[in-house]
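Shared between the two complexes below is subunit A, which has subunit B as its partner in the first and subunit C in the second.
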Partner chain A sequence: MSLAYILETSLAGLVLGAAAWTILARNAFAASVGFVSYGLLLALVWVLLGAIDVALTEVAIGSGLTGLLLLSAAARLRGTESQAGAGPGKPARVLVALCCATISAALAFVVLSLPEAAPTLAPDAVAALPATGVGNPVTGVLMAFRALDTLLEKAVLVLALVGVWSLAPDGYWGERPDLRLRLADDSVLPFFARTLPPLGVLLGIHLMWTGADAPGGAFQGGTVLAAMWLIVMLAGLRDAPASNALWMRIGLISGPMVFLAVGFIGLLTAGAFLAYPVDYAKPLILLIEVPMLLTIALALGLLVAGPAGPPGSAGGTR
Partner chain B sequence: MTTVTLFGLCGSVLVGLGLYGLLTHPQPLRRLIGFNLMGSGIFLIFGVIARRGGAAAVGADPVPQALVITAIVVAFAATALVVALLLRVFTPDQQSS
Partner chain C sequence: MSALLDLFTIVVVLAGAVFFLAGVVGLLRFPDTLSRVHALTKADNVGLGLVVIALLPQAGSMGTGLKLLLVWLLVLLASATVGQLIGRVARRAGPPA
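Coming up: the complex of A and B.
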């Protein structure tokens, strides 16, 4: 039994243990903490599967931002946990558990009976990659071969944000989300919020830039930028923007709009929507990625910040 | 057992665990966590398929990898929307206005 095998098996055990913890934990806060560690462990699995880009995304979004969202929601909903009732009775639980086990078994059967010669688009993607001027095949797929998916995903982010905003009560419209933590005077968070962002912003931009040829990209970079923004807002150094702030709205739609514009230019110059003329592929991809980084950072940060809070709860301290 | 089979089976169990949490938990936030668990299990199986399709030049098929990255971001957007809905429904001081 090799060392790698022992490591992989124990990692799989840890992942399943953390997953079981999030289901079985006594309260929602503990389950959310479990979910964060689950995400970090899962990222290690992605590294083992050779998908570094996915591992970075899982750490940043799947574990980090989702974790922050769940933890703050768990803290705010703590008082309502006891109202939730007992849930289904034991016979129903056993029945559901059996059904879920059947689904797991069916999936396991599918995994075990996957065809020996795996169907793959990897050779095609690698062969076509030089035409895009990008060296990282995952970025090539995201920004060129399947650019339509990436464009629509930007639309999903903005639509989800519109959904979140529209949950604010009528009287709160135009106010700011109240994100500030009630900190003790000797809290270290304001110190972190002053010292971390310069490095974090640099790292975010670096991840986007280096994503052309190495693992990274606009998603991962944008998430790091969003995290830096959130730490500043949580520490109360800056307030979240009001939902009708013009600069923020322009920033939010700049990513999809530039993407769409380049798409239509492709219709004229390269003969298809979202096709890039070969000589200009790399500059066009960069032209799309820069506003996309801004849109992702803004949308992710604002999704965590949530709908507008009551008037006067934030703001006035600028 | 090879790496891909091991983590493929791991993903299958995660889907079952997440679905169980989604269906049986009395608290909505815990159901949301179960839903995310189920989703990540599906992503993991997809990652296993990507790994199996890896060619000599790349460790894993980049097309499923790109789809999983998109999926993680969309799952986050959906989670944020559900959290906002939960807070709106269960936070009393917002209902009064």
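Coming up: the complex of A and C.
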């Protein structure tokens, strides 16, 4: 029994344990904490499998940002959770458990019954990679071979944000979300929010830039930028933008708009929507990724910031 | 020389692991939030620091070593901040009944 085997087995056990904890936890807050640790452990699994890009995304989006959304939802629900009673009755729970177990068993069956060499397009993708000019196959697939999926993903992100905004009552429209932590003014948070962001912004841009040839990309970089922005807003150094701020809306749609524009230019110059002329593939990909970084950072930050709060709740106190 | 460096790595990683173990035991066994935070900081600050120092000879290049040190510094900054915030919230909530 090798050391690697022990490590892999105990990691798999930890992932299963964290998953079970998340499901069995008594309240939403504990379940959210379980979900975050589950995501971090899962990222280690991806690293072991050599999928660094997936591990980065899992940490940034799956564990970090989703975890933050779940935690803030749990915090808002805390008051109502105890009043909600015992939740669904026993028959409903058994039914849900059965359905979940069936899905898991079916998935396990499908995975186990795959042929030994699973069908894959990876060799074709790697063979065609030089035409895109980027060195990271994951970025090549995301930005060139499956660019339409990536474009739609950005549109979905903006739509999700519109969904969150629409939760604000009519009278709050045009106000700011209020997410400042109400800690005393001498808390260490403002210092933290002044110290970390310069480094974090650098790291976010680096992740986007390096994504062309190494693990990384606009999504991971954008998440880091969003996190820095959120720290600044949580510390109260800057207010969240009003929901009708023009600069914010232009920034939000800049990624999909540039993507679409490049796509239509491809129609003229390379003969297909979202096709890149071979000589300009890499510059065009970078041209798309920069506004996409902005879109992702804004959309993720605003998703966490939530719908607009009551008038006058934020700002004007400093 | 490299065997000596490997030995250094093993010994110091184990020392770091002891601090992590102590931190986790404290987190599980200590009675209130403030003492739990106190126990956790040992794992974050000293435990991770020892692990990073142990890995420095194995880093291979100056850049990797500096990145390891940066990771430690960032964790120190984050955990010190979060520890202070948790302590503040715990103090406001008052001692457990």
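The rule is short, and it goes like this: the second predicted complex is superposed on the first by the 301 of 318 C-alpha atoms of A that agree within 3 Å, B and C clash if a C-alpha of one lies under 4 Å from a C-alpha of the other, contacts with A are read in each partner's own complex, and residues count from 1 in each chain.
Basically, contacts are C-beta pairs under 8 Å (C-beta built on N, C-alpha and C of every residue); 3 or more make two chains touch, one makes a residue touch a chain.
Computed from a prediction, not measured in an experiment: that's the story for all the values here.
Peer 1: State whether subunit B or subunit C is in contact with more residues of subunit A in the superposed arrangement.
Peer 2: B
Peer 1: Just to be sure I read the superposition right, which of the two partners does A:P137 touch: subunit B = first, subunit C = second, or both, or neither?
Peer 2: first
Peer 1: Once the structures are superposed on A, label A:L121 by its partner contacts, choosing first (subunit B), second (subunit C), both or neither.
Peer 2: first
Peer 1: Once the structures are superposed on A, label A:V188 by its partner contacts, choosing first (subunit B), second (subunit C), both or neither.
Peer 2: The answer is second: A:V188 touches subunit C but not subunit B.
Peer 1: Taking the superposition on A as described, I'd like to know which of subunit B and subunit C A:L196 touches: first, second, both or neither.
Peer 2: After superposing on A, A:L196 lies in contact with subunit C but is clear of subunit B.
Peer 1: Which partner chains sit in contact with A:L68 here, subunit B, subunit C, both or neither? Use first/second/both/neither.
Peer 2: In the superposition, A:L68 contacts neither subunit B nor subunit C.
Peer 1: Which holds for A:G163: it touches subunit B only (first), subunit C only (second), both, or neither?
Peer 2: first
Peer 1: Touching A:L77 in the superposition: subunit B (first), subunit C (second), both, neither?
Peer 2: Touch status of A:L77: first partner only.
Peer 1: Under the stated touch criterion, which partner chain does A:D53 make contact with: subunit B (first), subunit C (second), both, or neither?
Peer 2: first
Peer 1: If you lay the two complexes on top of each other, which residues of subunit A touch subunit B in one and subunit C in the other?
Peer 2: Touching subunit B in the first complex and subunit C in the second, no residue of subunit A appears in both lists.
Peer 1: Touching subunit B in the complex: which residues of subunit A?
Peer 2: Interface residues on the subunit A side: 8-9, 12, 15-16, 19-20, 22-23, 28, 31-32, 35, 38-39, 42, 45-46, 48-51, 53-54, 57-58, 61-62, 65-66, 69-70, 73-74, 76-77, 80-81, 84-88, 92-93, 96-97, 100-101, 103-105, 107-108, 110-112, 114, 118-123, 125-126, 137-138, 140-142, 145-146, 149-150, 153, 156-157, 160-161, 163-164, 167, 169-172, 217, 219, 296, 299-300, 303-304, 306-307, 310.
Peer 1: Subunit A touches which residues of subunit C in the complex?
Peer 2: Result: residues 74, 77-78, 80-81, 84-85, 88-89 of subunit C touch subunit A.
Peer 1: Going by the contact rule at the top, pick out the subunit A residues touching subunit C in the complex.
Peer 2: Listed in rising order, the residues are 181, 183-184, 187-189, 191-192, 195-196, 199.
Peer 1: For subunit B, which residues are in contact with subunit A within the complex?
Peer 2: 3-21, 23-30, 32-34, 36-37, 40, 43-45, 47-55, 57-63, 65-70, 72-81, 83-88, 90-91, 93-94, 97
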